[in-house]
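These are the structures in question, set out in turn.
Look at the two complexes coming up: subunit A is in both, with subunit B in one and subunit C in the other.
The block that comes next holds the complex of A and B.
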């Protein structure tokens, strides 16, 4: 090999192009479902974490510490190789059946053990991070506003929903966007459990025709492009922070 | 209308209020003054239960409120407006929404009606043109006037002020005091913790002087300013009215 010469023909055509396209579609899907699941899980985790001291709060703290302080790759391997095997036989059989409704163009199927383990793993891992970012955003709301709302006769739930959370979201939006971008990028680790996303497909091209340079360059550009689009969309349509007080 | 009966408040070892007995008539304007740490903020925060009693009773309209919780407590709080030193406006809402939030979420008032009420209140505090402004876009005096309008939203019978001008620049104090003067003349019951002796002299029906958790003096402004009975009150007044001439203790 003499220096950096790109030969895109081995990547942008035929089977490799098809692989890249389906890999990209898979990355987008696992990111979207993982992010949705993480957001969904973050709500009760946050609720318990800021709730009264007791078993609820301890559970939330344990959840957060466990998932934030162990490697995501190890967690994915656990969900795929250990936890999946512990599911009831009937569930696994059902997952392994053909599900037309879960099939996307290009042979991408969402009802597979790999996709489900990756979505679940990303969901619980990032729920812990999202909950902590939101909690920091909540703590940044001046305590006087809570007192003002109390003195107007508002209850705890109304205060949380109408005063604290909207401001917490505004305060924490930048770091939250960072977490959603991390989720997208770390979905590449799901290649370790055989999910056919971008990284997996890039390595497949490399072993298929040895166009490693072009394959990795294409993969990098796909991640970069997705990242830029996600970031600008999230910042554009996300809540904005109103100046303090 | 408001009655304190043997009220004590303790924060751990700290004995903040030591046996307060006090009766405030409907429509009375009472100014509460005293050195910092004397318990004057705690005194008014007990009335709308931002603080809980340690001992004694607070009776409002003939009913002891100490055990009230949930909806009953929320209903009590809608009858009492509270204005804070730091304004405490909801930072993510504009002036109008700051006022309408409780109307809609607590009283269940339809949005159109709540908006009309908010605009009427903003006009009353001289801020009709600021309905769409966010707190960060308003001066301290304007924020405090929005906060007063917000406190008035649920048509309270009692207004509590906790040092409403202490966080303001000197040139904006006047606009807030002017709104408070108009309120004092409106017949609403007011308890005002303040060091604005001009306001006290001109508008109070009664002045309470508190030190170390005890009411040392309760007098009409004329008597209080001419000849405060208690030596501690005499010294406080001297320090407040001519701080330069008071020897460092």
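The block that comes next holds the complex of A and C.
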């Protein structure tokens, strides 16, 4: 191939187009499951982190520091090559069986070691980030809110759930959306463990017919489009900061 | 599972500096060099872009912000792919892959440096700029002699955070097969087969020490000057 001329036929038709479509579906799925898992894990991490000093808080701090200070790619390699191998034999056999129920159109299968390792890795990594963003949002809630609730006779659990967390969520929503977008973009690293998402398929097209530039352009536009859609949807339907319009 | 530290010891020099004695940089050494090189480029470039966006608020700023949001909207690995293929096409020659990755990391991080620096400039008290103007300085002089030195001093923790991110991001060079720490670790894993836990936990520990050590040093420094 010479110079920077584009020839879209090699990307937007036949097998490459099919690859891009299944890759996009896989990226969307791994982002959704990873984000759900990260949100689920962030709650206990946050709880322990803001709890009384002691082993619980130390565990949360150690978890957050450990996962924030090592590369996500190394974590994915660890989950895929190490942790997966430590699962009981029966579990691994079950995962490797054919799962018709977990198959999406176009041969996208969600019950594979690659998909599970990627979902788990993204979930654990981003739980640490989400917990820290929520904590920052919690710290930004004025002290008077808690005192006012206390003087109304509310218990500390009720204060947390009904007064503090809703406001913290409003305060932290913008940075939280940023983390969810990061999760979507960093799902591209799962290509390193062989998950057939967009980045993987782009590289496959490149080695299949050398249409590298067109494939990169298509991948770039897919991620950019997904970013724009995710961001506007999350900001539209998310909680608003108190007092903000 | 029994732990086999022998595999680490036998491959320690390869993990730490790859084939450096044979003339090809690699391992942890390459990771650090790539992070430092891209960090310096991103710092210089990002601060210059921030100054441009501060001085010229019209189209220059809009174009720079649009560029930054596109960069933020796509995965870093795609910036690396683009550099990897466009640089040789534009320069008409071979560009070492490690250099392409460094330039991609710098290009990507410069956008964050620009936004942090602008935020740092905006966070300064308005009186600072007004006093400069009242003393007869031009906008450029106010920026150069009054605002920038204060903003940069305040921004050190944020820059350290970005640099820690860069260290972690150098691992993406694995995907384009540049022999930095993650790549050489995966090579050792492919060769030995039996000890993935030892190998990946060891390099995770190396990254952790680098990143945490840097953050701790920055906190110590900030505590001393504050």
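Criterion: the second predicted complex is superposed on the first by the 240 of 245 C-alpha atoms of A that agree within 3 Å, B and C clash if a C-alpha of one lies under 4 Å from a C-alpha of the other, contacts with A are read in each partner's own complex, and residues count from 1 in each chain.
Basically, contacts are C-beta pairs under 8 Å (C-beta built on N, C-alpha and C of every residue); 3 or more make two chains touch, one makes a residue touch a chain.
In this text the structure is predicted, and so the values were computed from the model without any measurement.
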Partner chain in contact with A:162 - subunit B first, subunit C second, else both or neither: first
When both partners are placed on the shared chain, which of subunit B and subunit C touches more of subunit A: C
Touched partner set for A:70, first subunit B, second subunit C, both or neither: second
Partner chain(s) touched by A:150 [first = subunit B, second = subunit C, both, neither]: first
Which superposed partner A:102 touches (first subunit B, second subunit C, both, neither): neither
Subunit B versus subunit C as contact partner of A:40, first or second or both or neither: neither
Partner chain in contact with A:170 - subunit B first, subunit C second, else both or neither: first
First, second, both or neither for A:139, with subunit B first and subunit C second: neither
Subunit A positions touched by subunit B in one structure and by subunit C in the second: none
Subunit A - residues contacting subunit C, complex: 3-4, 65-66, 69-75, 77-78, 81-82, 85-86, 185-186, 188-189, 191-192, 199, 202, 212-213, 216, 219-220, 223-224, 227-228
Contact set on subunit B toward subunit A in their complex: 48, 50, 70, 74-78, 80-82, 84, 86-92, 101-102, 105-106, 134-137, 143, 147, 150-151, 153-154
Touching residues on subunit C, where the partner in the complex is subunit A: 1, 70, 73-78, 81-82, 85-86, 89, 164, 168-169, 171-172, 174-175, 182, 185-186, 189, 196-197, 200-201, 203-204, 207-208, 211-212, 215
Subunit B partner contacts - residues on subunit A that touch it in the complex: 141-142, 144-145, 147-155, 158, 162-163, 166-167, 170, 242-245
